[in-house]
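Chain naming follows the written order as A, B, C and D, and within any one chain the residues start at number 1.
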Amino acid sequence: MKIAGQVSLSDLPRICPLLCRKTHPEYGETDTRVVEVRGVRFGGERPVVIGGPCAVESQEQTLNVARGVRRAGADMLRGGAYKPRTSPHDFQGTGRDGLRILSDAREETGLPVVTEAMDTRLVEQVAEFADMIQIGSRNMQNYPLLAEAGRAGKPVLLKRGMAASLVEWLGAAEYIAQQGNLDIVLCERGIKAFAGGEYSRYVLDLNVIPAVRAHTFLPVIVDPSHATGVAAMVEPASRAALEFGSQGLIIEVSDPSSARPQCDAVQSIDPDTLASIVRFAHARADSSVEKESFA
Amino acid sequence: MKIAGQVSLSDLPRICPLLCRKTHPEYGETDTRVVEVRGVRFGGERPVVIGGPCAVESQEQTLNVARGVRRAGADMLRGGAYKPRTSPHDFQGTGRDGLRILSDAREETGLPVVTEAMDTRLVEQVAEFADMIQIGSRNMQNYPLLAEAGRAGKPVLLKRGMAASLVEWLGAAEYIAQQGNLDIVLCERGIKAFAGGEYSRYVLDLNVIPAVRAHTFLPVIVDPSHATGVAAMVEPASRAALEFGSQGLIIEVSDPSSARPQCDAVQSIDPDTLASIVRFAHARADSSVEKESFA
Amino acid sequence: MKIAGQVSLSDLPRICPLLCRKTHPEYGETDTRVVEVRGVRFGGERPVVIGGPCAVESQEQTLNVARGVRRAGADMLRGGAYKPRTSPHDFQGTGRDGLRILSDAREETGLPVVTEAMDTRLVEQVAEFADMIQIGSRNMQNYPLLAEAGRAGKPVLLKRGMAASLVEWLGAAEYIAQQGNLDIVLCERGIKAFAGGEYSRYVLDLNVIPAVRAHTFLPVIVDPSHATGVAAMVEPASRAALEFGSQGLIIEVSDPSSARPQCDAVQSIDPDTLASIVRFAHARADSSVEKESFA
Amino acid sequence: MKIAGQVSLSDLPRICPLLCRKTHPEYGETDTRVVEVRGVRFGGERPVVIGGPCAVESQEQTLNVARGVRRAGADMLRGGAYKPRTSPHDFQGTGRDGLRILSDAREETGLPVVTEAMDTRLVEQVAEFADMIQIGSRNMQNYPLLAEAGRAGKPVLLKRGMAASLVEWLGAAEYIAQQGNLDIVLCERGIKAFAGGEYSRYVLDLNVIPAVRAHTFLPVIVDPSHATGVAAMVEPASRAALEFGSQGLIIEVSDPSSARPQCDAVQSIDPDTLASIVRFAHARADSSVEKESFA
């Protein structure tokens, strides 16, 4: 009994020739492509730490958090203006207003901004305000959106789908690359498995990190906030991710001065914890840890 | 340690008030909304059987298969004009030409047509040619696409995401309903689990069928072709799905006269096997099997 | 990066030469070995239906249920005397007393008895009272227990582990076969996957049924009670299992006259529902449904 | 539709009152019970590193590896004398001879020994030679074996089942504790999920580590060898586990002087890599990393 649709990592040269180490030998067996976002270098000497609110709710909240992120020493600001929500009746984000607020926050703090695009017709709008376009987990296989993001002239942060194999993930990245844009950063954010929901939101799959680095030259980072869903786990998960080879982190940060935010508060950390993660990331990068070869 | 983002079936009245039996008591505890597609009645007296090729490759191939589907006694024709493929370098479908071919096949066979829309900007085009718009697994949480499909004036077939919970699936359907379109048919098509890939492509999750029927009044069907990925399993899986409460089937059918088709041939059945499934579906509906209450 | 411990169905001839169709061609490509238990024939003309309480709690309760099972037309009696429980502080079964009660129930009803053995040192005791020894999911890879069961001179019912691949399951069966006992019946009982717990207890994996039948000549049955964990799903799941090629069912039946039993009441059905399942099984076997070849 | 058998972490006080922080408040909210094995202290100031061969194959091989483990600065020796194998026709271990070899290796190197017991009737024999009894993943819910291990007078290393929830795992530990033995060390070793087999053997679930520490006072360690199945991943996985709160590691080490060992060679590391892991573990423990509270 043959099974349809079976692919494995050995099919990568055919599936993603633009991104596969084997078919694109410019980067050799271990080098990472450096993806620059307004001077922030993914795949460079130091891990990149991105912090910010789950959603951009207001100017004040976003600026408060952005200042905390900057004081913590992080490199970039995140925050959702368009939010994919399980229910259409839930808060859907502040949209264009949110993008403007993020842009203001960048102006004040100097932090480059990454934010999610969900609609092909709004990618251009997002690209106008943001420095990096995020494609969320739910849209990892929304191929028209990937192509649009690839054409928008900005680097793209591509989150792994909740049930995506590595082949499917790199295949999705190839849709961006096909538009002539190799400035792609991959992001592991937890997968669906039987263990999800008992003590954490998803299962953080760090095994994928060295596998990504063995098969493609793109940088890969980790989202410990969604992968755990538990604020107390974010710091240990961040350190673990860096030790496992992650080249950066994207973390939800709360505004301590504000009331309960509209989504995912339970997994947000405060700026002090973020500062502790940044110190760890920098100290680790600056020490003489030998670089692993994952090939 | 609290976990972010936890929702359960008890949250359905808040998440999908338009589709939930509890908040929309018009259909009582067991009645199904009948969704009509050019006279074909999902949720009616008999299960609906949809057959057709994986992809619309040519006029000849599609007409050959469509005639086989019609001779087999099935109710509708399926076929992908726009195909979501793991790699951008694989065959992406025949697009608008494919839609025209499907339209021709309808004209000749009288079978209403369902085909997938993947791009918000092409939903209108798809709706122009097709009688029912399919949203595929990969796009189950592509919310702008769901809204666009909801506005297109045609019934929508919403496939379950490969890792979607029931709450997430019904939440996705609510995005369609919110546009004023309750003509939605749900479709289970196999989920990702450790067992996938060893002896079948996905894990067919029939337990979800009575759960869907208990929580919403929308009809639900099963795609045994993708759920198993093995041609020899399609007929037993079809019968099992009907016994478990499925109100229809969507099945890939091959063109025996043609050479190897461009995708998923291993899971396609021939028209004779489809005829056998149709006979089973009709005999079962016509006999005096007591109706289950899943409430 | 090579991965340790990878095996696939193509390794079966090496892993289980005694049970694999390819290496043990006596049964051809589709024949099933008939496993007889006091005249009940697994793999024979009709599916075997086993019913009984989750646990043997008392003489009265067990006899009440056994009479209901007999009246329903089922073939065998199930019931746990030794119970594997998540907590050591929960009810652990009635042990040897329970075995004696099962033996009395057989005497009164004529139904052969299957019950679980959990301890290598008690297999002989279980075999003294029971007609068939059950190895539960939790012990599917308890190899000394499998060997002991293989030596006990009675047929063995081997449940699939909650996360067992088909190779692991057949490998476990081979431990029994190695002792010279080929009277083994396999039983699918639901697997662990992300969907478990939302609307059903486990995910019933019916795709495995034709795969089992393609690769080994042993009969395979389904436990719809544990696989769903929901009484209202047991009947549709039973019918679905038979349509998918299952050669029998093992079902939990409640004692309507008694108070709440000590375990798993929520998934037990009453004798009338069991009777309806038996009628379906017999009608299906007696009608002219063509036999599938799964090879 | 109610679902049978649903338990959650809030049921822990009932399921494992002997091991639950809430019902056994002696250790407060964050203290770990120190489990001593011949002077090696699990849950003490430094993480415990255990190294050794997958299987004890010969005196020479075991001594070679044991010397490497000792030179690397690790704390204990592991090695299987009784091996649970998927096929009964595969190498089953060297049994009592293997135990004697481990005992000799302890004599020469001073390293305490942990080895697996699989058979209730051999626990006493294993306890005679070993300093710590390992219960493997496949036997996590072999309750008679757990009870026997609890009575054997030696500390027990309890690996998590491949599909065990946290409640099931702690429930299993409670069977040991019920015998009056609280000297239990838990070990995460990878779980089954859709991602297993593509780029790693299992999915290493580090989220469970802080959850274990929040709910019980028992120490918890990680097996990066089985969890990844890839030698090149073992070192980064080890560091990640320690950063995530793991209190030790158990690692497969190969004998560089020998030919291909009989099992799992692909995941074994050499003694130099082990030494690097030990240095990391000690440096981390000795530096001023703040201790997390997981409560």
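The definition used in the following text is that a contact is a pair of C-beta atoms (placed from the backbone, for glycine too) under 8 Å apart; a residue touches a chain by one contact, two chains touch by 3 or more.
The structure displayed is predicted, hence computed values, not measured ones.
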Most widely separated chain from chain B, with each centre as the mean of CA atoms: D
Contact-richer chain pair (by C-beta pairs counted) among A-D and A-C: A-D
Where chain A and chain D are represented by their mean Cα positions, the distance between them in whole Å: 33
Chain A-chain C separation of Cα centroids, rounded to whole Å: 46
Numbers and ranges of chain A residues touching at least 2 other chains: 1, 163, 167, 191-194, 197, 199-200, 210-211, 230, 232-233, 294
Residues of chain A defined as touching chain C within the complex: 1, 163, 192-194, 196-197, 210-211, 214, 294-295
Complex contacts: residues of chain B adjacent to chain A: 1-7, 14-17, 84-90, 118-121, 138-139, 141-145, 147, 161-163, 167-168, 171, 174-175, 178, 191-192, 197, 199-201, 229-230, 232-233, 264-267
Touching residues on chain A, where the partner in the complex is chain D: 8-9, 163, 165-167, 191-195, 198-200, 203-211, 227-228, 230, 232-233, 235-237, 239-245, 276, 290, 292-294
